[in-house]
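What follows is a group of structures, each given as structure tokens.
In the two complexes below, chain A is the common chain; its partner is chain B in one and chain C in the other.
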Partner chain A sequence: MKKKKMKFDSGQLPKYLIYAFFVWFILSCLVIPNINTIFTVFFENGEFTLEPLQKLLSSEKAMKSLRNSCILAPALSVTVGFVGISLVLITEYFDIRGARMLRIGYMTTLIYGGIILVSGYKFIYGNNGFLTNIFAKVIPNFPTDWFQGFWAVLFVMTFACTSNHMIFLRNAMRAVDFQTVEAAQNMGASQIRILLRVVLPVLTPSLLAVTILTFITGLSATSAPLLIGGNDFQTITPMILTFSKTVNSRPLAALLALFLGIATILLLTVMMKIEKRGHYMSISKVKTTIRKQKIRNPIINVLVHIYAYILFLIYVLPVVLIVLFSFTDAKTIATRKLSLSAFTLDNYKTILTEASAYRPFIVSVIYSLLSAVAVAILVLMACRIIQKNKNKASAALEYGLLIPWLLPTTLIAIGLITTYNTPRFWMFNKILTGTSVIMFIGYVIIKIPFTLRMTKAAFFSLDDSLEDAARSLGAKGFYTFRRVILPIVLPTVLAIFALNFNGLLGDYDMSVFMYHPLNQPLGVYIKSLTDAQTNADNSALSFVYAVLMMIISGTVVYFVYGRGDKTKVKK
Partner chain B sequence: MKKKLISILLCAGMVISLAGCGETGKEEKAENEAKKGETLTIYTNSGSDGRGEWLEEKAKEAGFDIQFIDAGAAETQSRLIAEKNAPVADVVFGLNSIIWSSLKSEDILTEYVPKWAGEVESELNDSDGFYHATVKQAILLCYDENQISEEEAPKDWPDLWQKEEFHGKYEYLTGLSGGTVRNVLAGILTRYADPEGELGISDEGWKEIESYYKNGSPNESGVDLYARIADTNNPIVCGQMWSSGIESRDEQYGTKTAYVVPEVGVPYAVEAIGIVNGTKKLDEAKEFVDWFGSAEVQGEWAEEFSTLPANEKAVDKANEFNQEIAKIPAQDIDWDLVAENIDAWCEKIILEYMP
Partner chain C sequence: MIKLENIDVCFGDFKALKNINIHVKEGEFFTFLGPSGCGKTTTLRTITGFINPVNGTVSVRGKDITNTPVEKRNIGMVFQSYALFPTMTVYENIAFGLKVQKMSKEDIRQKVYSMAEKVDLSEEQLQKKVSELSGGQQQRVAIARALVTSPEIICLDEPLSNLDAKLRVQLRNELKDLQRRFGITSVYVTHDQEEALTLSDKIAVFNEGVIEQIGTPDEIYNHSATEFVCNFIGDINRLEKEFLIASGLDASNKSIVDVDKKCYIRLERIHVNDVLDGDTLKIGAEVESAEFYGLYIKYILKAGNESLKVIEKNSGRPLYKKGEKVTLSFNPKDIMQY
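So, the complex of A and B:
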């Protein structure tokens, strides 16, 4: 008895150290730097003011943009949910010809995004786009500016935001126990009934998690409304970004961001409540992997195939066009008229022969790699604490780590450099501003909420009995974590790692405020090519960079998935 | 075994921040000791298009070791203000008068009058000696002569919204943090200066600006103005452009740019150079400023990058095009009024007037 107690104590010490670390981290990196920013909204020269609030409430445009964001978010959750589920069913559940190729096509959103992605879609559907030109020839008086406004934004974002489904929902689908499906079949259940009653319930926790992400993406939509929203469908984030760039308008930016932040928090609270109601896992102790289902009704089978291949085209065409246009010049890109005569290798030559051009690649790869690893470790520890202790402290930990979702990246960056440009005792009296560490800290911070959300979902879908079994066999806490839990959540963790890495690779919003003069990251470098101060239009070069980044991101995704699939097979 | 693993995990967690901090401390020290203030860190928004590399090389020949932080004007300003207590930069160049005057009032700059200060038109330099002009940039309303003739073209900015034939045919920017767009706005709004009016501008002025945004076409993110002008299917025929961006665009797009010369003149964005308050390498920074603004360097810079030098001894090095630009009269703008209010103006425009 005595002996046991002593062991218990020595086991507690590192635990408290980890707790202390989190308290310190949340306070010094998440709370303190951002409090000041929020203060500026309500205090001007030390006096309480509601002026920014009044300014916004009386602005028709701000209110309309806010309304648009709030319309887009739920609409997107529905459409992305529908398309996302169909992608997973097509690639993992039904027996569709060419599923492997389809899967690669559907996964293209993992390797590019933002302005470049939307530009790709504009090449097809926008003014002078391929499809628009065809329509214009076939249908007289076809409005060539048809691809604009709410529906265009919804369309592009629906296909742009399925990355999470392709990763997390797909992982969940693979965890569906085939024996249950077979049992239902033997009892004479129809295919649609099995899908709705057996398969979908297993997907629910992951579906909830990815829907939250879709909702947040919808709320903070930027590139799509900017490029194709037109006058009628502008959203709030572009306005936040504009205001946050100007020193004196920052209170407005922070206030708008708070509006979005509150909406996010409300949503998260609701989702967390639903999640706490219980697990949705259909738990079978000896899982067999799913065997693909042939669709029995021949007509439906053909229709599903057609649907699958149309989706494939929608996903792949923009990528193909971006690659093609990267071999042309700015004028061709602008007028969208591809011709053989415009084909040139000059863009690539310029970039690959300039010594200063590849250094940003190395810098960004290293920073993104380190940050993605650090976030993964940090969040794994946090998730373990949240999973094991369901009390106020762990809830505080969870909400604390979600703080970066409250504010836009720019404001978080400015909060950090302003707070740590003087020695603070809680940062061990170190000045961080202007050092090469601060950008790393910034990268870690902005990736925490997403990582936490998705890793937690993986922890929740864990089968408790596995841990119980390990414990009853005498395994200690950390040993169980390392040998039992970690291998199960590893595919998810690696997938998140890949997404984080790819997301940070071209980051601009954070980097521009934090980078060390010797280490210019990729995002800043690319932006400087197309910035207003440049003397030439370098849009062709930015396409080349997009392609090169796609190659890096694609390699990372391949690497992670190669590994992920292997572990599955081993099991 | 268990302890070992725990310590590994702990280390992993702690190393993230603690070791990181330690490292920085070392690095900073090393920098100060080894190089003894020889490496200058320079902030600029004017380092793209190979200008940064060119300057680095030239500076090396002259015995300077420099490194750049190249970012947009607004970002550069934000960084400087946020780093006020621990400045990273030693020297700043580029930007525009509006930002320079705000940097000065924020106490970001230190006073230094370079040797070449007298070679620059005195109105362009800061009267208190905090920053001094290097490059002049005319902010122009440009159109393509292949598409519209001089007679058809607008004669001044207000024509765009006052004459129906230009409605929907000119581009305005939706982002208002850039230097060029702020100069355009300053050029329009200060014509209606009125101490009694809202934010120093008369009601009439605000009505005009409302009309400017109502009748224009917003820029497309990622699409250059010239791409839209060159595209004959696109209704856009004119928009704002800074003078040194014109030649390369004509080359790229096959356009033949002409610009509007209003009676009141055009706004000039003045790029300048200044030393950051709190730099530890003050002497080196002073020497660099003396070198960079000299007629010789500015002349070479003008030849290489088609700019219009502020240094009068270097103006003859500018090419024919810029010699022409130099002849355009400067608009008389109350820059103090602009510097004081431009942020509030932009806020008002975004919140109330932009569709």
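So, the complex of A and C:
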């Protein structure tokens, strides 16, 4: 469509202000800090230097963390892939008794993750842990410190990182055209053959995508190595965290973060290539949804059932125990011995009445709420611009806003704190590091790419003629947006808002770099509670937090995913 | 009433419309007909204002509206997808344009209800979500929404193409009926020739961004102005020179039929074993196959080297069999040549 020549009139002023805002935002929040990171690494007092690189290469600890990350990422891709596929097959493909219950169990990772999940596992399997104690009683000389190092990290992360499989791979499985399965059966193919040759190939593109996401998660693992890696198994991100604490070693932290950034960019490029090749579209017009397959071999059937329920226990046990122990007193938590008399509501009372206890919660809620609202508004404006103008500027806007997607949280955080620790012109000469604003900015930045991708999808699935219709009925641009477009995309926007809020509430990776000492957010606070030295009273608190967050997240997940397709736009 | 004069529209380097001139009269049902990508929808969108022409003017009742924005043109539009707002009820959809005009609530209510009555939407249906209505009801909502603001003109962009065959015919009649009742000037876009022929007062046939012919349905069908039009509308037989001479045509008298031009004849204008008045040309032929449609029979016949399709009304007499020898006759006046 031909565009009318742009004429400057005062009605356009808000538009130009918005454009100016985006230019400033992308430059000062997304581009400059990251370029500055490169700069701090390779330039000292204005001169090019390779000193940080040499220092890094000679630091045994740093090199070990690099090596560890490079072992963890591929190992995790394999184990998560195996478990993830199992989960999808158990819940969606095979006819397994109690599949509905199993599915709920497998989906618990959607309602708790990161630091809370790891601390839950540590409580069960760790030194003096619930299960460890049981093992120690049954097996003499059982090493009670068994749950530490590479295998422990791999174990926890294997079960923590299947959320993507439960969302994306499961959707792909449900989209499989069942008539292809019936056709294969009709031609006499065995069950295993159908699974391997007909069903799994359709899932391959989704599987590759989630595997790459897992790989990146493995590379930038934070909570698990931090809490259960022990001295021997520390990975890149915890190392960055250590280095960034002193000014002298900050270039080292930045360099490691750069390494993560480059690796992530490379992997995501591969992923986009795969995505471009496209998904296998079903060519059939009359799709039949999958009917669950009964495993015909009785022995295999029993084994698969046993496997499914063991997985279920692994997923559910931490959740159940966290909930149970959140109602017990400090002594019970310290000894891990449950008795009826130990149950109490005191922990919940403490959280509700003591300022020091509820403050982190309030801090996180406020930060998450503000950031999620800001992201939603920011992205809505951006999407409207991208949708209305198909030119180079709008493409630049889109790619600019997607920058954080390519970079690990740690790198973004390092960039922000090292750039804005001195007055900079493009931040109005304000110092941000150490203030309470910077975490808000950080939260907003990390949530932009996901929000943009989802919101844009909602915008582009809109029928263009809706807008034409509104205009031909006399409505102007903003009125059309407010009355016609916004109500249609609102369910999607709200769902993303909820997910963002959810994700930020327990955030640790970004918060730990930029929280204000007086305003400790939940993730950081829980981590400090989980550290071995703290007393049992505190771990009681961390359980209560975990439960509260599970309730909040569970509610959000239920409204976003659980109610089926209600959030989708009806045509 | 609507005048398009020397309209050119470009999309980048592509010239979508070349020198379009159309005059739609008051109360007329005017159809743009053509294959996909011919420029018919582009022309419609130029009238509604979604597209600005590079050259030329659009005027309504003598007033130049070429640069008037869409929302100020007061031209109603019904979209191919209906473009009903999914978050609003039927009532809210119809009331949308009136609300934009900041009409009072009571006036809106009255107008919506009286419009709903005219298009046979019940009070109960007005409170429903648009997704709960059937295809035909949705179409009526789309029409009601376009008409309720009393536009001077209504534009319809393939409003029947989303429906199944039976409903399409039924709604076609309803549409025509509504247009007659409202007496509103209508511009209709379709690629379906049957729709165009049955609905329209006038048809403009488009091809590759130009208008091939403007005329009444009867003119377009019986006196196609160009070879494209005669091939696009209905089915047709191409007649070779040798065939025409063999059927008794005087090739030297070019005032009746010029055999050096391309000659065409419609299927139903050739008669099998039945010489009508004026059928001065006759030729023997052999039946190759017959397709029985109930209402009519379609024969494929061979006359010399020429293969011909002929439609015969089913009059109840036995069908000609494969291999049967027959005589074909036709009137030279029915031959169209280019």
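Just a few scattered comments:
The definition used in the following text is that the second predicted complex is superposed on the first by the 321 of 571 C-alpha atoms of A that agree within 3 Å, B and C clash if a C-alpha of one lies under 4 Å from a C-alpha of the other, contacts with A are read in each partner's own complex, and residues count from 1 in each chain.
Definition applied: a contact is a pair of C-beta atoms (placed from the backbone, for glycine too) under 8 Å apart; a residue touches a chain by one contact, two chains touch by 3 or more.
Treat the numbers as computed from the prediction; the structure is a model and nothing was measured.
By the touch criterion defined above, A:56 reaches chain B but does not reach chain C.
By the touch criterion defined above, A:148 reaches neither chain B nor chain C. In the superposed pair of complexes, A:479 makes contact with chain B and with chain C alike.
Between chain B and chain C, it is B that contacts the larger number of residues in chain A.
Contact with chain B, but none with chain C, is seen for A:127 once the two complexes are overlaid on the shared chain.
In the superposition on chain A, A:487 makes contact with chain C only, not with chain B. In the superposed pair of complexes, A:465 makes contact with chain C only, with no contact to chain B. When both complexes are overlaid on chain A, the residue A:14 reaches chain B alone and has no touch with chain C. 476, 479 are the residues of chain A that lie in the contact sets of both chain B and chain C, per the superposition on chain A.
Put simply, chain C touches chain A in their complex at residues 9-11, 48-52, 54, 70-77, 79-81, 83-88, 96-97, 100-101, 129, 131, 145-146, 149.
Remark: chain B residues 1-3, 5-7, 9-10, 12-14, 16-18, 20-21, 23-25, 27-28, 41, 45-49, 52-53, 67-75, 77-79, 81-88, 94, 102, 174-180, 218, 220-224, 226-228, 230-231, 233-234, 242, 244-245, 247-249, 252-254, 305-306, 343-344, 346-347, 350-352, 354-355 touch chain A in the complex.
Residues 1-2, 4, 463, 465-466, 468-476, 479, 483-484, 487-488, 490, 569-571 of chain A touch chain C in their complex. Here chain A touches chain B in the complex through residues 10-11, 14, 17-18, 21, 25, 29, 55-56, 58-62, 115, 119, 127-128, 144, 223, 226-227, 231, 238-239, 242-243, 245-249, 252, 329-331, 333-335, 356, 374, 377-378, 381, 414, 417-418, 421-422, 427-428, 430-437, 440-441, 444, 476, 478-479, 482, 512-513, 515, 517-518, 520, 524, 527-537, 539, 542, going by the rule given at the top.
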